[in-house]
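Take a look at the structures below.
Shared chain: subunit A. Partners: subunit B in the first complex, subunit C in the second.
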Partner chain A sequence: MSNKATKGQTLSLTMRLTVGLGGLLLFGGIVLTLAAFAYGRVAARDAFDRLLVGAANTIASNISISDGQLVVDLPRSAFDLLALAPNDRIAYEVRGVNGELVTGYALDVIPDRPMTFSDMPHYFDADFFGEPARFVRTTRTFSERQFSGTVQVVVGQTILARQELAFDITKRALLGLLIGGIAVLGMALVVVRSALRPLEKIADTIRQRDPRDLTQIDQHAPKEISDMVSSLNAFMQRLEQQFDVMRNLISDTAHQLRTPVAALRAQSDFALRESDEIKRAQIVSKIHSRSLSLGRLLDQMLSRAMVIHRIESARRETLDLRDIALTLIDDGDHSLIYPDHDIHLEIGPEPILVYGDLISLTEAAKNLLSNALAHGVAPVTIGVESTNSHACIWVRDLGDGPQVELDIGDRFVRSSVSKGKSAGLGLSIAKSVADAFEGRLELVRNEAGFKISILLPLKRGNDV
Partner chain B sequence: MYKVLIIWLFSVGSVVAQEATKHFGPQDAAIEIRLRTTTDIEIFAPTVVDFLSKHPDFSVHYEQWGSNDLYEKTSNECASKTPSADIVISSAVHQMVKLVNDRCAAPWNSDVSQKLMPELSWRNEIWGITSEPAVMVYNKTLVSQDQVPYTRFDLLDLLRPQDNEFAGRVATYDIEASGLGFLFAFLDSREASTFGALMEAFARSGAVATCCSSEIINGVIEGRYLIAYNVLGSYANTIAKTQSVLGIIEPQDYTLVLSRAAILPGRNANRGAGLFLEYLLSDQGQAQMSEQFLVTKSQSAFEQNEPPATATRRIIELGPALLVAEDQATVRRFNQRWHDIFSTFDR
Partner chain C sequence: MRILLVEDTVDLAEATQGQFTQNGIACDLAFTLADANNFLAVQRYDAIVLDINLPDGNGTDLLRALRRDGNLAPVLMLTAQFSVDDKVSAFSVGADDYLVKPFDYRELEARIHAMLRRNLSDKSGEIILAGLSFNPTASVAHINGERLNLTRREFALLSMLVRHRDQVFSKERILEGLYSFDDAIVGLNAIELYVARLRKKLIGSGVGIKTLRGLGYQLDVE
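Up next, the complex of A and B:
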């Protein structure tokens, strides 16, 4: 409604989603990158370790014994195998039973490990001419008459190809991740856009509406938005009711004021033209009583407007009807207008609780009391009582009550209003208030007189 | 002229490790490229001169070495981290591969070197700059046309009869004296089973194992030898230009093709050496070297009546597999076998 509501925009949903998902993807991306790199390294290591051990085994299997001497027939296939890592340098050596070099590089990188007689290849990392390299040591045991013992074969290779493969695996994983991430983000944006489209439609609809058009908006929308639209519709309905009330009020007020004001003007005209002092005094007295009655009418009309407004808008609370009765007696407004009237009070010791608006209810009761004082027969009694299901605040006098029935509703109000009779207006206010708090107005005529009650649902003390 | 060079080479080469040196380009050049190679100065000089004509601010200090000495020197300098050459080019490519594997060579990245066949480079630290077939040469006047061996089997057949005319008149490399000779023989032994038979035939017929392409070819021209086996085609073709008596055959069962290997010793490449390398690998350098038969496409130009032998060419790949040819146990055993065979049939 105010400009602040539109200018205080927070981050758009699309942006929030983008930032949220982007952050998630970034975080996931970092985790996955590390995981992919770790996996890539292991995978590359395993793959090339197999080449390494394959080459070592090929060399080992080509060792033979001839005249008690080790003969190493270095197979080209071993080197072809290692050449699958095309840019890596190759280290190899074959050592005899006593660790003496038979052939190859005299590698001084071999960890001092006791020779085991198992055939399990032993992998280790070391430098080869200052470059990091991966090595494997395998053994082959001879038990011949002329030669007995374990021969070691060590084969190593620099790790360029491993790094390249690991990097490649990581790169591929990241590429997949990137494509997936972009796809997820894109889809999310599309989904958000399509989800928000009904909102935009509603906004457009409202924007293009005539300001006085408070009819219902088409509720055909996804559930979440449909909820919002129905609240919006409910809000507009209340607004329309308020409008109606105001319209009625304005037209009623105009209508009601016109007659008494016209009468006043006519009588004041008479008064101006009347030369006879006595007659003029009579006319002035009439004007006075007219204006008193007009004042009362105005009071009630404003009271009605206020009550109707409050019914629509005021917060409801739990209250004790006895307080209302006491307030009316204590205020003593009536004693100014009807100083010769006594008012009796009939209330019990127990609180009688209802759920409603204190001011509206007080106003309603006050109107009933005023009616009784103005039109009824003294003494007037105001009381509060409760039945099983209802709380009740009532006003009783000894007269016959008004000549109209209450169930005529608005027309009753209008007619009473148009006649400038404030009694009908007071009843109308009481009825509106009773209706608003799920209660009703009850009229009883009997030998005890006329009793008018506002019945409201009783709120049990333990419900508080 | 060639004879003169050879005599001169021998008079020098026997006493010091380097066989010959020569300086190309201005003495006061800004950058001197120290080149060590097994290639004869005579053959490689035009290429160096052509390079210097493009880069006048460079000079080249050319040292010609025997392959084994060159390897030993470079390896020692690598171990002591005092490389004294900027570029080393050797026909004993297995030794160069070993140097690369021992982290004695610096990488050099350039577009030109990446154009090279993948088999002819490794780690961006070694490059095959030539293509020279291992050929058989024969004396055209002494070997009749129907005797000319086109394959190793033909050669075996020639040597098979007892007391044939080729006894004692077939020459090949002494594999212990020449790194290249060892490599050819070793690769032969891996390539085909004929090699065992061939070695025995050589030994039985009293073949001569001697050093150096030039000496062997010269022997054929002079008639001391009738046929020489596993001679570098580049030398043979160069000499055949002036000596029409020399016949050249690329064996048709298979022909090993050597690509001389260049490395840039040390941890960091010398820029001048890198540029020289790029020149050698460029179309211009290749064209220049093809004039000295260092780069050949297929069958030699002098045997055009024979079908092209591209399919039977086996390029010697510059890769870690060549480490086998440098393995001390393998070398020892191979040499032992060579010795054994030749001593069994000692004349």
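Up next, the complex of A and C:
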């Protein structure tokens, strides 16, 4: 039984947490990688664009006019700046007022964008001998007597160093993320372990217990777990009650069955040795009646066991007590065993509703009825009525009831068994059922006879 | 009449067989399922009394096999179990009746005779109303082929309503009909309960009981 339960275990909490957090980190990692890469590219572009525009401005500032001609003195410092990206190739050109090439490569990459005459440098991407490259165009405007107009300076550089920088930035960001992620996972595992420790402790406590030890578990536990502990405790309490019931049942059964069986055995032994036919027939008829009562006793004991079991376990429902009374009349068992007994039914036109278990209540009432039939004086009446607060199913006969006062304990049960009567057992069944449904037994003895009632809390019709 | 008793408790079986014999009923005794099958292979029986728990298997298996082979001999199940559900399950496996141990021999014989009467009864007397088939001679009713578990008085009530389905029955008349032969004295209020119970059991048959306020009850066929 327990094997199955262990094998049916689901993913451990640690595993769930790891998978969950891992997934979250992976997803976050992908998003962050994309973001870091985008950021790295922008940062690298901005950094290198500054170098590029610096170089272009240096060239532009070194353009001079001599005899109305543009003179470009390419400064070394301009290229020193760009040499910070050692693997990239550099291109430049200077174009005059009319767009004619003054010096440099004939790049033909200047976009068809009208000149703005502003000092704002203009960046653009283009190919440089088949490689992607970044260009900047700056302008310098001359307005002298000898020369007037705008000169353009274009400087370009391939983008290997930019990409390298972008990757580098991304890599560093990811490394940080990875370390952070591992730290979070590790901490999460530690937290789960410590959160689950009370559970492990409870499991250990239960494992180390003696199987018969059903005392309460120490309730000191975190709030979330204390709910579980208290339901565990409630469960153990129920188990313990069941155990008690079983223990009592077994000892009662032993006593109650051994006595009549011993009587049967003694009588039959006696019959075997009796030679007188008439006396033997008398003994056999005693054995017969004793076996009949043993059968009834057995029924009652089983009925008691079932009732006790059902009280604990059966679902409760709204019942009409009149239905139970009618079922008893209808069952017909009594007409077979006591064919000459009259049974009357007294019920009203309105339902008498209670909240309980049909089978237990029927058994309880049936036991009261068979007591009345077996030990009372006919006619027997079974009835249902209600007072302000109570519903009541009762059995009345013309006799004076059991000789004992209503101390329906085991003592009574036992003493009645030895006399071959089972009235006590029937009463004890009725009492347990009444108790279980918040009711009680009531005995009234007067000139009209003996009346025994099961009183239960009345359920109002409009509650249904 | 010849019956087969399948029961493994030797003294109970022998005592029962003895009583059958005293009453002029031929009774073969099988202690196991295997014995029972041997008997059934060579002999035709008018009725079978079958214990549920047998040393080499379950009586219900034998019953199922019988019905599969087309043997329609009425079967009475003996059960030592103590549960309300048993009553229903005995019918559901195809038994015609059941008896809880310990039982009275006279009860057993009466039940066997009742089963035989039912089995022999004329199907032509059957009354069919929508999904309800009602056989007054066999004292059984079926809803859509499934046997209805009715108490004696519920059956008597159904019988009154079915036989005179154009009449309205007052509570007084129903009471007289149900209890004229009986010792229990129940009063008019019980009739309402009987009608309610019967109504519940007739659900799904297409047959109902309608209340005519101040007059009584009448069968209502869809």
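Criterion: the second predicted complex is superposed on the first by the 382 of 464 C-alpha atoms of A that agree within 3 Å, B and C clash if a C-alpha of one lies under 4 Å from a C-alpha of the other, contacts with A are read in each partner's own complex, and residues count from 1 in each chain.
We adopt the following convention: a contact is a pair of C-beta atoms (placed from the backbone, for glycine too) under 8 Å apart; a residue touches a chain by one contact, two chains touch by 3 or more.
In this text, all values refer to a predicted model and were calculated from it rather than measured experimentally.
Since both structures carry subunit A, what do subunit B and subunit C do when superposed there: clash or fit?
On the shared subunit A, the partners fit.
In the superposed arrangement, which partner chain does A:130 touch: subunit B (first), subunit C (second), both, or neither?
A:130 sits against subunit B, while subunit C stays out of touch.
Between subunit B and subunit C, whom does A:302 touch in the aligned arrangement: first, second, both, or neither?
second
Using the touch definition from the top, say if A:25 reaches subunit B (first), subunit C (second), both or neither.
A:25 sits against neither subunit B nor subunit C.
For A:72, is the partner it touches subunit B (first), subunit C (second), both, or none of the two (neither)?
In the superposition, A:72 touches subunit B alone.
Taking the superposition as given, does A:83 touch the first partner, subunit B, the second, subunit C, both, or neither?
The answer is first: A:83 touches subunit B but not subunit C.
Touch check for A:102: first (subunit B), second (subunit C), both, or neither?
Only subunit B; A:102 stays clear of subunit C.
Angle at subunit A, subunit B to subunit C, CA centres, as a multiple of 10°?
Approximately 140 degrees at the subunit A centre.
Considering only touches as defined above, state whether A:166 meets subunit B (first), subunit C (second), both or neither.
neither
Taking the superposed arrangement, what is the smallest distance in Å from a C-alpha atom of subunit B to one of subunit C?
89 Å.
Under the definition above, what is the set of subunit C residues touching subunit A in their complex?
82-84, 102, 104, 107, 151-154, 183-187, 189-190, 192-194, 197
Under the touch definition given earlier, write down the residues of subunit B that touch subunit A in their complex.
Within the complex, subunit B touches subunit A at residues 100-103, 122-123, 190, 319-321, 323-324, 327-330, 333.
Could you pull out which subunit A residues touch subunit C in their complex?
It comes out as residues 291, 295, 298-299, 302-303, 306, 320, 322-323, 326, 329-332, 335-336, 341-349, 359.
Applying the document's contact rule, which stretches of subunit A touch subunit B when the two form their complex?
Residue positions touching the partner: 71-76, 79-80, 82-83, 86-87, 89-90, 94, 102-104, 128-131.
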